[in-house]
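Heads up, there are several structures right after this.
What follows is chain A paired twice: with chain B in the first complex and chain C in the second.
Let's look at the complex of A and B:
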């Protein structure tokens, strides 16, 4: 059971002077209970890929299937897929539109035809998962702080009971407390068995949190694997626009100078190795 | 090098009309000419409110704010503040007026009534320092987010303000865009411009001369970036997060492997370890 992307191609404005190939043969898999980070520079195709994962865009070539159901135009498959895969856009709070927090979060399950008692249950559960208490249920979402709006927007996706969450830069614009809360929530959801696809250009986050990292460059999948296995290759490639975390570059520089240290994003592990490496 | 006072806050408090709680309380702060100062804090700590006093977008509800020696409560003082301090905000889309890059940069100097040669020279200088000189004839819609933010900076500095305030100006940029913008700020600092960086991203303050931390609208700490980094876990209480390389530097300093005089940047840390 997974999101399976095979040789995915996406061409914007085909057959016009504006024709652009945004994705060019991308293949990867995201299973339930696994955190996949999709990284790449601005324009590498990350957001286009995210929109394919719940059928907002349809492939120009290749395929996307969710738990064995292949996404196709105009078929019931789109309905199934959109309930299974919740898509959280960048700055999702810009899409809030209902009058109260409760109505906002109830919008999805209502549209899916959940019975009223189930809607109430899912709304309360989702809001509690993101740390929004009942005192906010009647509040206009536009009166909330930036971090609270972001959490309500995520709750409004969770309330439709998706198996997978695809999040496009979910921490953008949040301060470190807001970021920590949100990432802790995503880790909890992963522990509950949800598949997380985290689209980001923050390599620190990708390396520290993901089980598997997919690196996109110019619409192609350049690297795919657990963070510790792709770090070396990341350092070797000068991937346009992708900033390797300074700590990893620091470790790489020390290795070049003969220090026996691992390529790591864990400061304590690196410091321990530096201490050992300096001993006579 | 920093010189005489550009801006001074004397016991400044400010409350928004719809709010019962003040956004900033009892701020005493001096910004010296040529200084690069960072104002840090989590969302809602009052840092943007503080910054908006510098060009008199806000005027204190209590206390006084002086810019260029004049109190911003007076018409003259507000005029001086707006001439002295330009601001760049989070979203570049809201700050761009013209359809073509060089026309947008020329908008400010044209409004100042400068001679055409002077306008051309300022536009050339602002585009060059912002790394946009090859894009001067490009339509604005063709720029990336990072390029648009650099255009917003170019537009602000073309008026040659003595002071530039960057209010969370890197928030919407990717890491490469952020790095490019930091290079622009470093170039402006070396030309003697006073810079105020409002941020919660500690990786952006390495080059600053000093920083203040706001919490609950009050200044709770002031000092140099390196001394701030040495505080370690205290940073989290203020909603700040040290970047990985700074956490690494702190561990190495705490273990006595490198001295605290070493800057938390790769080159200096490698050099210290090889000594």
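Let's look at the complex of A and C:
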């Protein structure tokens, strides 16, 4: 049971002077209860990939399947897939349109045809998950603060009961407190067994939180694996537009000098290793 | 949602071609001449001549025919609608009748004429924006309207408004597409049902779009003011426009062609 992407190719505006190959043979897998971070520079194909996972874009080549159901055009499977995979766009608060917070979050479940008592249950549950109390249920979403709007928008995706959450730069534009709250929420959701696909250009976040990292470059999957296993290659490749966390570069320098320390982004672990390391 | 992906209206495609390198003023005047010419012809020879002229221009611009045709795609429905109205509601000699529907000889002629005329107007106008960047276009218009400045005509302001409007067409299309995708991802069904249901289904797209449009307009105005934009007075140009011999030649040939086609067609139809 997973999101499985095989040799995915996506071409925008085929057959015109604007033709661009945004994805070129991307392969990866995201299982339930696992956090996958998709990182890459601007224009590396991250957002295009995210839209494929929900069937909003259809492959020009290769395949995307969700729990064994392959995404194809014009089929009812598309509806099933879209409910299974909740997609949170960048600045999701810009999709808000209803008159009250409750109605906004109920938009998805109504579209999927949930019965009224289930809608109420899902709306209340998702709003409570994102930390929006009942006192806000009747408030116009346009009157909320930026961070609150973002949380309502995420609740409006959660209320459809997706098994996987694909989030495109979910922390963009949030202050550090808002960022922390959102990431804590995503960790909770992961603990509840939801698969998280986190699209970001922030290497610190990806390395610190993800179980598996997929590095995209020019639409190709360059690296794929647990953070500690891809760090060495990441340092070697020096991928355009990707900022390697200073801690990792520091650990790399120490290793070059002969210190026996692991390549890590965790300062405490690195400090510990330095203390125990024997200078050659 | 497909029309948003394929829409090229108002989008400049930079290519190194003899048409692209012409002075924008020349292209604007030549386009007006072509549009007037298309209005003045009404028979098959006239439309054929303008069609061939347009094909020659496309070849010189090194743009693909498919891309050029796609500029007219958004107005195909309008063209079809206009043609159908003329087809069924023009009085004259009946060719075919079925119940209250009656197609006349004059109706057929009128439908073909109006359809072709509208199509050519859209193609010529689209060709101008495909081969001229919005900045060049605005500079050209400002320069052409500048003699009217002494009568208080806001030439610069109008040109700036047009640049911004043209510049924002693709941006707004992208925004619309993004919001549509976000709502579809939440299960919104925008493509099914009758017109009324579709209109209602579009509310989740229209409300956020309006909010974004006003927000963007406000941000842009603030950003322009912050960079000391106070209108055209005392504002210099990065690339001053230069009229060359090629521009004079192009314009003269276009005018000559338009006059020749109009006169020849009048003679052939007489």
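Things worth noting here:
Going forward, the second predicted complex is superposed on the first by the 277 of 280 C-alpha atoms of A that agree within 3 Å, B and C clash if a C-alpha of one lies under 4 Å from a C-alpha of the other, contacts with A are read in each partner's own complex, and residues count from 1 in each chain.
Assume a contact is a pair of C-beta atoms (placed from the backbone, for glycine too) under 8 Å apart; a residue touches a chain by one contact, two chains touch by 3 or more.
Because the structure is predicted, anything quoted here is derived from the model rather than measured.
Of the two partner chains placed by superposition, only chain C is touched by A:54; chain B is not. In the superposition on chain A, A:20 makes contact with neither chain B nor chain C. Of the two partners chain B and chain C, more chain A residues are in touch with B.
Contacts of A:41 after superposition on the shared chain: chain B is touched, whereas chain C is not. Of the two partner chains placed around the shared chain by superposition, chain C is the only one that A:107 touches, whereas chain B remains out of contact. In the superposition on chain A, A:87 contacts chain C only, with no contact to chain B. When the two complexes are overlaid on their common chain A, residue A:128 makes contact with neither chain B nor chain C. Looking at chain A, you'll find no residue that touches chain B in one structure and chain C in the other.
Taken together, the chain C residues at the contact with chain A in this complex read 5-6, 13, 15, 63-64, 66-67, 70, 178-179, 181-189, 203-204, 206-208, 211-212.
In the complex of the two chains, the chain B residues touching chain A come out as 42-44, 90, 144-146, 171-172, 174-177, 179, 200, 236, 239-241, 243-245, 247-248, 251-252, 255, 257, 265-266, 269-270, 273-274. Remark: chain A residues 41-43, 145-147, 172-180, 201-204, 241-243, 245-247, 249-250, 253-254, 257, 259, 265, 267-268, 270-271, 274-275, 278 touch chain B in the complex. On the chain A side of its complex with chain C, the touching residues are 12-13, 15-18, 51, 54, 56, 79, 82-83, 86-87, 89, 92, 94-97, 107-108, 111-112, 142, 156-157, 160.
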